[in-house]
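Each of the next two complexes has chain A plus one other chain: chain B in the first, chain C in the second.
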Partner chain A sequence: MSANILLEAPLPPQAVKRRVVAYLGFGLLLVVVVLAFLGPLFATHDPTQANALEALQPPGARHWLGTNSYGGDIFSRVVSAARLDLFIGFASVASAFVIAAPLGTAVGYSRAWWASVTMRAMDFIQSFPVFILAMAIVSVRGPGTFNVILVIALLNVPIFVRLIRAEVLSLRERAFVDAARAVGNSGFRLVTRHIMPNALGPSIAQASANIGWALLLTAGLSFVGAGIRPPTPEWGTMIAEGAQNMITGEWWISLFPGLALGTAVLGFALAGDALRALLDVRARTV
Partner chain B sequence: MNRATLVFILKRVAQLVPQLLAISAAVFVLIRLLPGDPARALLGPHATARGVASLSAQMGLNRPIPEQYWIYVKGILHGDLGHSWFTGQSVTTDLAQRAPATLELITYAFLVAIVVGACIGAVSASRGDRGVIARGITWYTRLAGAFPDFWMGLLAIYVFFYRLRIAPAPLGRLGITAIPPKTITGFYTVDSLLTGNFTTFLDAAAHLAVPVLVLGLIVAPMIARVTSAAMSEVLSSDHIRYARAAGLGRALVSRYAVRNALPPVVTIGGVLFVYLLGGAVLIEKVFSWGGIGQYAVQAVGNSDFAAIQGFVLLAATFTVLVYLLVDLIHLAIDPRVAY
Partner chain C sequence: MTQPLLALEHLEVRFPTSRGESTVVDRVDLTIGRGEFFGLIGETGAGKSMTAWAAMGLVPPPGHISDGVVRFEGRDLLRAREDEQRRLRGQEMAVIVQNAKAALNPMLSIGKQIANAYRAHHDVTKREAYECAVDALGSVRMPDPPAKAEEYPHQLSGGMAQRALIALAMVNRPKLLIADEPTTGLDVTIQAEILDLMSERVASQGSSVWIITHDLAIVANYTERAAVMFAGQIIENGPTSDLFADPRHPYTRGLVEALQNERARGERLKVGGAPPDLVDRPSGCQFAYRCPIAEPQCHVTMPELSELAQRHYVRCLVAERLAREQTA
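Now for the complex of A and B:
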């Protein structure tokens, strides 16, 4: 990718501002990804260790971000949670992408009846209130990492199918596709070598934002008890742990995991915006 | 009302039947056919095979699938959504008791979102694309979208209840001492005013304030974005330029502009109202609201499948009805959609 050349090109003043936002996005992402890989190394305590003697300590020298109701160290839990949360986010969006790329291409290229049936099915999935659907499915299948990934992947498939299909619909009519067909490429080769690779750009930008969305869904599911179960450190579970304490003034239990989650989501959203601008040949302004 | 309009309305209403059938089938598949055995899930990992088999038989899970579906659809048509294993009541009764609480919450949140969102959007459209306001809206949208709504609800509880002591305890729709008004509409704020019970009205309004503001302000940017885009487009359109050139007053031109910018705003409004129902699930848990959202969360915690199924069915039906309403409002704004 020619990202470097683009970033070094002289920019008009507005674009400079957008570039700052793009750097901010990638910077936030970098922090979160580093945490996901090295998080446990930064932990000052065992993230799942209960310690009744040190319960509900406010942030201080010994426990940087305080402790929760059973004495778990919030800082260690926040940094350790990044790995699981990011894994769920990446795994669910990647699975959705793997399913949606061939499906979206096929649905966009084909004019057969099953293409419109597939699209109606996608409409149907999307017509349910997202969170309610996710909650219902996880509750039937039981909580746990795998089921959360499965549900979030299912909810992401229609989004990617729609995007890829829209691209394919316009690519299908382009001259280079006609040319490729004219020189004797088979239909399969035409689709896999010429159309699909060109149709994935917008979805890659979208994928970043959707990972952020997946993080929010995971947290929401955990918050209602349909996601990751405590004491496993997970941002949504941790917010739930401190929910009752907000009424009694122990703000730090819920505040910090929420901040970490929001920052990560913001990073993915900003990076997605920047990627979209980069990948969009018609308006390269980052 | 002319013929085309009538035909459009009838056709649109008739679409409800296949939509609702599809929903019932999907919810059935969701609950009954997914891998995983409800009876086993209910009894937990230590259940004996015999216990699971006996519960399966009791729940009708050992009958053929089409028969199960038939029994289930027949039940829905009779308003029977099964029994909640947790509350011991019929799910229909449970949902009917709790629905007004949720509806009151999301209706007010919706109004907040519309008023705030439309104002910001209109201001932004009139100031152009590049101002401080536009950038402010962009960041407001980003932040509101990035941080979880239930977390913001918790922070609001800390600030307004614990710190500032201006909000009541987040434990439902009324204080312990307040007497619920006689049920007329189910909205405590409306019923208390209708029965002239001003103390209860104030109490209900105070309990509503924080959750409504949290939900409403989080979704307001969605409205702002669409309003701003729609208004900018209309303001630069030929017919508005012509109206200006013809010397019409500002107020009149604005009225034309608003009317023409409405359809996309109505659409996003519908999407938002449905979205709020999902958001209410989490916010209701945070504020112990006692609506259908909290009921669903409890049902999830207790593996109460009849209750979950009933809630999903209700939510999906609500969605379909809101979209029907959106289409009818479109028709009222712009009669051309009938042709």
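Now for the complex of A and C:
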């Protein structure tokens, strides 16, 4: 892959490196997304089926990645979990974005008192250690997919609001906004047509990294029992399932879901970096 | 005298600073007639642009218009309702700012931007508005208007962007076009094309142009009447020919002589130095501390604009005295 790039154009080494990293990110992302859509098709066993006779088998021909303490097939569980994990990641970040886009734009554009009040509310949310807050909310509302999405969305809103507000603050002083105002655009048109579309670029790049972060948080919550409950396949839950087996040498139970999680997070992080470079019109470096 | 198109009466704009209020526009009186090409000259920070934005009722916060009246065709613009003000902006008066590239929305093609501006004031379909936009680009002599309409601001050269901006400002056929340093950063041949284009619009549409610049050559070549601004005040205002042939204020004389000295070196009045402190203004004439012919009284009494020749107003005690001595 990299050889082709080197042949077609005399790019500087840094640009080549950035391209390779970008392709790697999008490649990993593609694998994870395909798994999310088609995962169950690859599964060799029923991911939730317990089978006491085949418990704790090491990776082999019958169970490619081994089995866990109740005989569940790790491979089938890892590929099936992609759908739920990615759904939680996308749904939470997307809902945060949908709330934060108009809110961040309004807060950035307005000079009224409620804009500062909103920002102090964002400070309030962000002043808690993320994981502690997430655990506290889930323990009040109870575990489950919907509550995990809700919590992660809540934690993501301030991040996007800040990012969009910062963009709007600088955009609102830009000459083209003055010019648009001077030709008679109303405040609403100014915000929706001229300011908001220009303010969302950095957030879109941020969203990719935040989905990776949401995956980690989901896994973390599940690991401590505040997220998705076993036997539903979910990477964090599965890492927890194998935790006590690590000491006795059954490493495969936790390792493979961990690798899947790490790969997905890395994919989103690299893709986020590449998107950031791509969406910056002035400096298309990828 | 017929009613002027735009009249600023005692307009005052203030900005709060940590040390107190800064008066960036100080009791400015100006009129612009129909079909007139008017120039406003002044050094950086003299308050030229702020006067223009105030005339449109768009002083950027935290600045505010603290006093004065803006009349457009006799209507009090500052006390008009918000939707009436908005109708006036764009449809009756429009502004062209310096650095055209920054003044265009990077996310919209220029055709769409012009169409949006048209639709802000006309009830037409998107398609019709877009056709108007292409026509507008043609009227500013943009080569291949349909193709250029699809381009984005970053694809245009500085001169092309400035044309696009003029098309954007002119699409609603405003009666007054305010051009704030419209040719800064453009090379000389393109400067001339842009200015010719604007004076052509004045002639063909009967619009007025108010050009704001620090380039005296532009004022000398294109305007019929001009005013000189210093420290937020109009210090001299008159027909361009008089202003250049017979400048009365020492600051104007310094500027005009500096322009002539580019051709012939000789003795000239030096008017260099920094602008005065606008928060804690000096008493008397604002220019006195830099003035080569200042008299003791200049540091005490603030001169008012007075008509020293026909339609030629000057804010200078010494010039007033000289004019009196001449007639006596």
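In this text, the second predicted complex is superposed on the first by the 274 of 286 C-alpha atoms of A that agree within 3 Å, B and C clash if a C-alpha of one lies under 4 Å from a C-alpha of the other, contacts with A are read in each partner's own complex, and residues count from 1 in each chain.
The rule is simple: contacts are C-beta pairs under 8 Å (C-beta built on N, C-alpha and C of every residue); 3 or more make two chains touch, one makes a residue touch a chain.
Nothing here was measured: the structure is a model prediction, and the numbers come from that model.
With chain A as the common reference, the superposed partners chain B and chain C fit together side by side. Of the two partner chains placed by superposition, A:Phe37 touches none, neither chain B nor chain C. Rounded to the nearest 10, the superposed model shows the Cα centres of chain B and chain C diverging by 100 degrees about the centre of chain A.
In the superposition on chain A, A:Arg111 makes contact with chain C only, not with chain B. In the superposition on chain A, A:Arg189 contacts chain C only, with no contact to chain B.
Of the two partner chains, chain C is the only one touched by A:Pro197; chain B is not.
In the superposition on chain A, A:Arg181 contacts chain C only, with no contact to chain B.
Ranking chain B and chain C by residues of chain A touched puts B first. By the touch criterion defined above, A:Phe146 reaches neither chain B nor chain C.
Between chain B and chain C in the chain A overlay, the least Cα distance found is 16 Å.
Residue overlap on chain A between the chain B contacts of one complex and the chain C contacts of the other is empty. Listing the residues of chain B that touch chain A in their complex gives 22, 26-27, 30-31, 34-36, 38, 41, 130, 142-143, 145-148, 150-151, 154-155, 157-158, 161-163, 169-170, 274-275, 277-279, 281-282, 285-286, 296-297, 299-301, 303, 305, 308-309, 311-312, 315-316, 319-320, 323. On the side of chain A, the complex with chain C involves touching residues 111, 173-176, 178-186, 189, 193-194, 197-198, 281-282.
Interface of chain C with chain A (complex): residues 53, 56, 58, 60-61, 86-91, 94-95, 97, 99, 102-108, 116-117, 120-121, 154, 165, 168-169, 172.
Every residue of chain A that touches chain B in the complex is listed here, in rising order: 14, 124, 127-133, 135-142, 212, 216, 219-220, 223-226, 236, 239, 242-243, 246-249, 251, 254-255, 258, 261-263, 265-266, 269-270.
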